[in-house]
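We call the chains A, B, C and D, going by the order they appear; numbering starts again at 1 in every chain.
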Amino acid sequence: MSKTSKPNWKNKLHEIIYEADTPEGKLFDVVLLIFILASIALVMLESVSTIDKKYHNILYIGEWIVTILFSIEYIARIITVNKPKKYILSFYGIIDLLSTVPMYLSFFFVGGHALVALRALRLLRVFRILKLARYLGASNKLAGAIKASRAKISVFLFAVIIAAIIFGTLMYLVEGEENGFNNIPKSVYWCIVTLTTVGFGDIAPQTPLGQLIATIIMIMGYGIIAVPTGIVSAEYTRSANKKDEENKTEPDKINLNSQNCQNCLTANHIDGAEYCYNCGHNLHIE
Amino acid sequence: MSKTSKPNWKNKLHEIIYEADTPEGKLFDVVLLIFILASIALVMLESVSTIDKKYHNILYIGEWIVTILFSIEYIARIITVNKPKKYILSFYGIIDLLSTVPMYLSFFFVGGHALVALRALRLLRVFRILKLARYLGASNKLAGAIKASRAKISVFLFAVIIAAIIFGTLMYLVEGEENGFNNIPKSVYWCIVTLTTVGFGDIAPQTPLGQLIATIIMIMGYGIIAVPTGIVSAEYTRSANKKDEENKTEPDKINLNSQNCQNCLTANHIDGAEYCYNCGHNLHIE
Amino acid sequence: MSKTSKPNWKNKLHEIIYEADTPEGKLFDVVLLIFILASIALVMLESVSTIDKKYHNILYIGEWIVTILFSIEYIARIITVNKPKKYILSFYGIIDLLSTVPMYLSFFFVGGHALVALRALRLLRVFRILKLARYLGASNKLAGAIKASRAKISVFLFAVIIAAIIFGTLMYLVEGEENGFNNIPKSVYWCIVTLTTVGFGDIAPQTPLGQLIATIIMIMGYGIIAVPTGIVSAEYTRSANKKDEENKTEPDKINLNSQNCQNCLTANHIDGAEYCYNCGHNLHIE
Amino acid sequence: MSKTSKPNWKNKLHEIIYEADTPEGKLFDVVLLIFILASIALVMLESVSTIDKKYHNILYIGEWIVTILFSIEYIARIITVNKPKKYILSFYGIIDLLSTVPMYLSFFFVGGHALVALRALRLLRVFRILKLARYLGASNKLAGAIKASRAKISVFLFAVIIAAIIFGTLMYLVEGEENGFNNIPKSVYWCIVTLTTVGFGDIAPQTPLGQLIATIIMIMGYGIIAVPTGIVSAEYTRSANKKDEENKTEPDKINLNSQNCQNCLTANHIDGAEYCYNCGHNLHIE
């Protein structure tokens, strides 16, 4: 571990960018949040042709301001981290890159600019900034419930997909191309639209037999929508009950802070932590 | 506190308007309820052009009767309350004003009359008049369950919105303007229509890739619809269990009456209360 | 009470029609069930114009056979019961009459025949014949859960309707007649279609502001769909838990038979009951 | 029982085809899984006319390879089983036959080829191959919950169908053929589309009265969607609680293997089982 291998300003910058405990760190997070929201608003407004025609220049300048700031942030993140490669290849690292590159690409490729919309993925950082996870509350009971029932729900959804393929094929045979069921993939798509009770209506069975099968699919969907809901609520009740039994005097809200270790990038440090629980690196070098 | 600063008839009127304990107060509430329902029926009928053509004059006269009565009620409420400003600026005060003003405005502005429909907001008063909250039952267990899970559901809905923005942007890139996904806001709107399993079908994916992504969105929506339901039912089961354990001999129905303090406008006084629990003002001055 | 006021054959007939304990009674129920299903199949087939054209005569004769048999049954039910007036004015009495009258009316009125479809209401008798209630299981726990949460769900649905009226009015103001929101009732109808996540798509918001409000309505609907589900499952879990605690050795299936008292028409007698629990009339007079 | 009546290679082959314990058996399962998925992909691609035009020959050859391999597998399954008749008439036996026959039929009948799509049913074997049931977890609690609530949900769905018939008939009378409600079966179909909150929108009420009834149907559907969900989640919570009380030290995952007895075709043998629990036949004859 190279605790002192970097000049002081790098440590300072790391503190600001990766941590939210210091006033500067909090300010950085708020500013970043505003710029992410602004950048998404820009992309949205630009996609509306009437607005784009009127304010094209303003939006274009806005785009470049956001892109340059995000680029600076991206470079700063790489410089201040001990293991830049790890950051670059991390989930957020790739998203951060994708939110700046398309703008530069638009010089060389005509269509490149459209990919600016990928910036929407940066919204995911909002979760980390706002520490939303903590509102999910009480020792992550909800997360536990979802985790506990994940395997079951997966198998369940898998069963839904198999049912959709079988019934979709059946509907293709029954309805045929003349009624909008052009091919089996489209039929399967329709079947999922129906099973999930979305029901766009762009394709709908026309023959009496097709409508009968559709009825069976819908009632099936009605019956099985109960299963994942039942699983989650039961798991949640269960973990809630366990908590009640252990009769803790509400030490439930563990304040996970938004710090990231400068050395190994691990997150989820407990509030007030001085050293990384993963690699032992000092979290507050100044 | 100015307990005796007002003449007797004002106190009497306050008793009738703001309280439901006396026979006159109950009668006032019933009459008010009928007039609110009648006023909404009038607005509805008027909006149906065939009915409006036939019975325009009758409906117009009805409108004015309702408007004048509501105006009188509004003025009476202001006069009889100790702190008129507080009432005027309160939620119900603003609604009460909005339900009378548009009719008068229609003298000066042509479009003003349409806003009469805002009167529909007065329906919210029905909750207070019918004391519906008490049917929600047993010590407001339901309210407790919703409150307890409010934060979690909020975060959850927040996650749904972020997912909608990301997938909406993706669909805009994949489907494009030629398939009805004109711009990103519209795409996000479509995405929420799909995630919530509403599925209007005014916009529907046409390309195979778009339909594949739509399938993922729908199955995701199918899986996550389980979460808020699970949370509410678990919280509700929990609070119900707690109640059972405390083994109360059913003193659950606390009869909250519909009185409002004349001085500070606080509601939710317990039945038979003589003084406001908030400011100590006498609730029954005669 | 006139236990012996009727001739023997009347008692015998009453036993067959109103009770299911004897072999003849069971046979009668099965035959009745078949005729009800056949009569509904007839009405359905007749409504399909292509089938009606081909087999009009057969269907017409079938109609008359069913009508005459139902008429005989109706008269027999009146004759064998001690208090005919009570039967005639009872729920099932009115349905039985409605399922025969339209056919006779078709002699005098041209449109009268269409009302034959009202016969579908006779399907409700299937519940009594098949004793379906008993499958709902274990001491009517489910019925208890629904009953216990009925008031709460009612208030909840009431809130949904008020929300629909307010948001429907708002959508009428925002979208207007040019986008299909012709009048407020239709707007409210659209709002309920959206809140319940049905989403026909025959009317859909076109303006950006309308789509924004629609988004709010849908997310609201998504959030509140959790509430009635949560209530029912919690109530059901609760009553199930109570049952478990009382630790009954499964005497849950009380065989309610399908007998009706000849005197007062009360149903739900326990298997093997000899006298009506309501009026003391002998249930098995032969 | 004829434990040694077959030559050694038959036993060997049976071991490979019907069991997954040996390396050869596992390999066979994986290869079979790949071929099933490939065969379904072929059918899907073939149904897309643009792809079929381009690659018709490749797809056609692929079809025949899959068909011949499935035929060989089918014959091998018949030969190696002690009671071929039982396999041939079993659920999977019929599916296996149906997935090969249509291809041969296409020599004699023109339309026969379309039935190749029936091969999609082979997907059901995926469940057995992947042993998905075990993920449903902890002593099949979920299966127990669904089983326990099956009768109740059936009655419930039965009630939904009766409601659909009654309301569908009503809508036919109210809306009539001019608004798309051509006949009662179609009306009933529309009613189920609405009750299950699917809402295609291909048929939608046009008259005010029809829209009012539709509103009632939708709110009813909204209210009753709570019931099956409530039942499943309550049953699941219950069985989960029971498990917790019995306080087992997690011996929950019983590794059911995918062996089938060579003699009686029974499945679900426990891992490491040497003899069939049903007929005593040796499971591992080599």
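Note that in this section a contact is a pair of C-beta atoms (placed from the backbone, for glycine too) under 8 Å apart; a residue touches a chain by one contact, two chains touch by 3 or more.
Note that the coordinates shown come from a computational prediction; the quantities given were computed from them, not determined experimentally.
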{"item": "Each chain counted as touching chain A and chain D at once", "value": "B, C"}
{"item": "Pair from B-D, A-C or C-D with over half of its contact pairs in common with A-D", "value": "C-D"}
{"item": "Chain of greatest Cα-centre distance to chain B", "value": "D"}
{"item": "Chain C against chain B, contact positions shared by both copies (same if over half, else different)", "value": "different"}
{"item": "Chain B and chain D, separation of their C-alpha mean positions in angstrom", "value": "46"}
{"item": "Centre-of-Cα separation between chain B and chain A, whole angstrom", "value": "33"}
{"item": "Residues within chain B bordering two or more other chains", "value": "185, 197-201, 225, 229-231, 233-235, 237, 241"}
{"item": "Chain D to chain A touching residues, read off their complex", "value": "40, 43-44, 47-49, 114-115, 117-118, 120-121, 123-124, 126-127, 132, 135-137, 142, 145-146, 153, 157, 160-161, 185-186, 189, 192-193, 195-202, 225, 228-229, 231-237, 240-241, 244"}
{"item": "In the complex, chain A residues that touch chain D", "value": "151-152, 154-155, 158-159, 162, 165-166, 169-170, 172-173, 182-185, 188, 194, 197-201, 204, 208, 211-212, 214-215, 218-219, 221-223, 225-227, 229-231, 233-235, 237-238, 241"}
{"item": "Residue ranges of chain A touching chain C (in the complex, touch as defined)", "value": "197-201, 229-230, 233, 237"}
